[in-house]
Amino acid sequence: MTTATSVIGGRQIAWDRRRRALAAFWRRYRKDRSGMIGLVILVVMILVALAAPLLASSRGLNPGLATYPANAVPALRYPLGTDSDGRSVLTELIWGSRISLLIGFAATFLSMVIGAIIGIVAGHFGTLRNWFGPQTDNVLMRITDWFLVIPFLPLAIVLARTLGPSLHVIIFVIGITSWPGTARIIRAQALAVETRPYLERSRALGAGHWHQMSKHVLPNVMPLLLANTILTVAGTILSETTLSFLGLGDPTRASWGEILNAAFNSGVGTGNALWLVAPGVAIILVVMAFTLVGHTLEAALNPKLRER
Amino acid sequence: MLDGALAAAQELREEEAGAANGGTGLGLVRLLSVKVVSALITLFFVIVFNFFLFRVLPADPARNLVRGSTLTASQMAVINRTFGVGLPLPRQFWNYLAQTFQGHLGISFQFHIPVASVIGAALWPTILLVGSSTVLSTIIGVWIGIRAGWDRGSTFDRTSTAICNTLYAMPDFWLGMVLLIVFASKWAIFPAGGMHSFGGGSTGFASVSDLLWHLTLPAVVLTLVYLAEYSLVMRSSLIDELGSDYLLTARAKGLRDAMVRRRHAVPNALLPSITLIMLNLGFVISGAITTETVFSWPGLGLASYNALNYPDYPVLEGAFLLFSAAVIAANLVADLLLTVFDPRVRQA
Amino acid sequence: MALLELRDLTVTYRTEGGPVPAVRGVNLTVDTGQTLGLAGESGCGKSTIAASILRLLPTSAKVTGEILIDGDDVLKMSWGKLRAVRWAGASIIFQGAMHSLNPVQKISKQIAEPILLHSPDTTPTQASKRVAELLGQVGLPVSRADSYPHELSGGQKQRVMIAMALACRPNLIIADEPTTALDVMIQAQVLDLISALVRDHGIGLIMISHDLSVLADTCDRLAVMYAGKIVEEGPAHQVFTDARHPYAEALAWAFPVIGDPRTRLSPRGLPGDPPDPADVPSGCSFHNRCAVAEDQCSTRDMELWPAGERRLAACVRVLEAAEGESGRPFVANEEKATGEGVLG
């Protein structure tokens, strides 16, 4: 008689609890000033990227259609000056934010998925008491360690060069090389979760591996994963910038790194200095914003870290 | 306080020198050799990876590898023979292995000389640049990190942490380009690149000072970039130790603040720092590649950049192998250091 | 002149939520060769007192009053003098030796450190000899001198702490929960060791614990703390078996006597929790948990009134008893005091 209502009631209770936990978490987050600044910068950047067509005409990116003088100093119609093709640096910057952020998020997503899967699987199987489990963990960790030891840039260069210059290749290459750090962290957390009693209980009740990992381990690992994701985006954007600067990016989709590449190739020190300086400043702002938000997230989730 | 960090390491070393005699001698050797073997296995997998990437991925290795370059028929034949096109895969792999172990890393497409020569010529400038930057940044970075961490919340801490965070968020080549504009273009204090001046003093003191003059800007860039990471890591490591009970014991014994920091906090904080820095050794390499590119410093990084744009696959391969070997070796050294210096690790 | 004298010691912590008084006007005296036990539950302020004696509290703590070691006020000492007094005048055995030792230093070096610090002329050989001597005194084999803390068991680590505390031949030792983290068997050994050493060297000892029975065995005098104040003080055995303050009595009864049917059949728990130091009840801070509280207990300020020979208690019942009213505070105490046989 009361089972039906109590089931619904139970779910309601769970959602209420989650909402309250979220509210408490936001309160904690809000207290950190640097975290709030980072969040504001991020939101502004994302809005700029999304609203690019409204802020600057995309025709301004076409060198053939450029009418402004080349390498000009800032003027009213081009507040940051122009590049060697006569395009407004500001326009390039605004449109470039789309590419940089897109690659950043996409590559991070790829890296997170791989890292989380490997981390959870390794952590879960590592605690099993048969032979197969810990061996799986062992093998996965060896692969992870191998990737960790290999220097990122040479590996990325070699991969990107072989696979050709395109947006997808860049996303793939960065994603493929960034997952090990996440995998280690997630695995450590998964191991901690595995020792909790309700996991043994669910095993005793006959829960399969997939059920345990997806219904028990994953939710508990999620907060850490989220904080780690934000921090990884910062690194991904820097990686993309470096790869584009070296000429491995997609020249038809001009990210901030590509702008710097063009600026470098046309000769440092000649022409408009802002062409060089502005994308760099933009990158610094975005990377710092992600880093601040990521650290504040971590601290709000784990009180022990808060005193940093 | 830099002497503090070094002094602390010195004390640790003396201690462990004494302990090594008392410690499980045979167990230690076994532990170390396991790590060495592990490193060699990792290197082996790099070689395997190299092989598969270039020989197996593209459909027609020889044609793909010389894409964008014109070759005579005889050159084509030489390449085909070298790469063993047409031979069964395992045979190709065995040839490749044998050649690599003998130091034959192929022929450069761009320069038509052995890759080993190209790399050999570029090695010294990179070692000079990276070596000097690493030494400087380690000393300065550790010092800053200790001071910032110990006086947490002080002006020094907040300022240095803000600066380091900014440096860390900065693309290193961008910093290089900005410095170039300011110091080599606007105010022509430093050269705009290269390692030597034309007609600059070729011998003795004049030659050395010319070299240093060229080395300054790229070394400054790398030092700043590395320093940011080292100092942040050291700071956070020290802060982790700050709440420890043994520091209270040390103070209760009557030690001065500086002594408590130097003798107790820093040695404990250095150990996890080594581990953390170890995991990030790859970034030393990427810094070298981009900085050499910006400053046209004729090292392995610039060679990689040129090979990248040609594209000169054999040189790329060889550079990748060498960079990986360097990082693996550095990791191994740091790992061995940790084993020797941390008595808790040795038990395992 | 007393070895240690605390006069109206008050410690207030500055926190985000405002000032929190951890210790509120404590007076204590320890003479040379005397052992004083300081008992109470967590949060009553006893560890704060221990740390304050050598000025080891964090900077967020405001300390007023006087702390006199051999007549010199520690709170007014210059840094140099303070550092000289630390360990050589008075040393501390910390609780949880697990983390009180430097993990990457050999214990011989850690024991020798204060020796070399306070007597700079000591040669390394002399220092080694002294370390060996100290290890012998605490019952550790000399071969352990070159061990690292993680190679020792909990009991061994505590012995190292004791050896270290004796290194500079202090006149006073403060032992902060020295046996709390140890097994019962090891606990007994360590307590015997401490008692013997203190007797042999004529050292003054303050032992802090929440375990009243331990203190009753080891100490001459006993002081019980509650909510930052001393509520009872007197000869250890008397305070334990015949407490005058209701809290002290409850604390004593909390440790059952094995085999005594009375304790088994009538468990004496205390309802409620110790008060939050930031929000202490008015009047007698114990009144809201006291079984025999009167109206005046919530309004009248408590002081330590005489409750017998060399005994003090901060309870109005003591006043009433002294004024000739019939009956002692608790009938149960009669049974305990007469020492009726366990099976009687």
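Letters A, B and C mark the chains in the order given here, with residues in each chain numbered from 1 onward.
Please note the rule applied: a contact is a pair of C-beta atoms (placed from the backbone, for glycine too) under 8 Å apart; a residue touches a chain by one contact, two chains touch by 3 or more.
Owing to the predicted nature of the structure, the values given are computational and were not obtained by experimental measurement.
Chain contacts in this assembly form an open path, with each chain touching only its neighbours along a single line.
Inter-chain contacts peak for the pair A-B. Chain centres here are Cα averages; for subunit A and subunit B they lie 25 Å apart. Between subunit B and subunit C, the centres computed from C-alpha atoms are 55 Å apart.
Rounded to a whole number, the gap between the C-alpha centres of subunit A and subunit C is 54 angstrom.
Shown for subunit C are the residues in touch with two or more other chains, of which there are none.
Those residues of subunit A that touch subunit B in the complex are listed here as 145-146, 148-155, 157-159, 161-163, 181, 234, 238, 241-242, 245-248, 257, 260, 263-264, 268-269, 273, 276-277, 279-280, 283-284, 287-288, 291, 307-308.
Against subunit B, the residues of subunit C that register as touching in their complex are 54, 56, 82-88, 91-92, 94, 96, 99-106, 109, 113-114, 117-118, 146, 148, 150-151, 164.
Listed in rising order, the residues of subunit B touching subunit A in the complex are 42, 45-46, 50, 53-54, 57-58, 165-166, 168-171, 173-174, 177-178, 180-181, 184-186, 192, 236, 239, 279, 281-286, 289-290, 293-294, 304-305, 308-309, 311, 313, 316-317, 319-320, 323-324, 326-328, 331.
Contact residues on subunit B toward subunit C in their complex (touch as defined above): 12, 15, 18-19, 22, 244-246, 248-256, 263-264, 267-268, 271, 341-344, 347.
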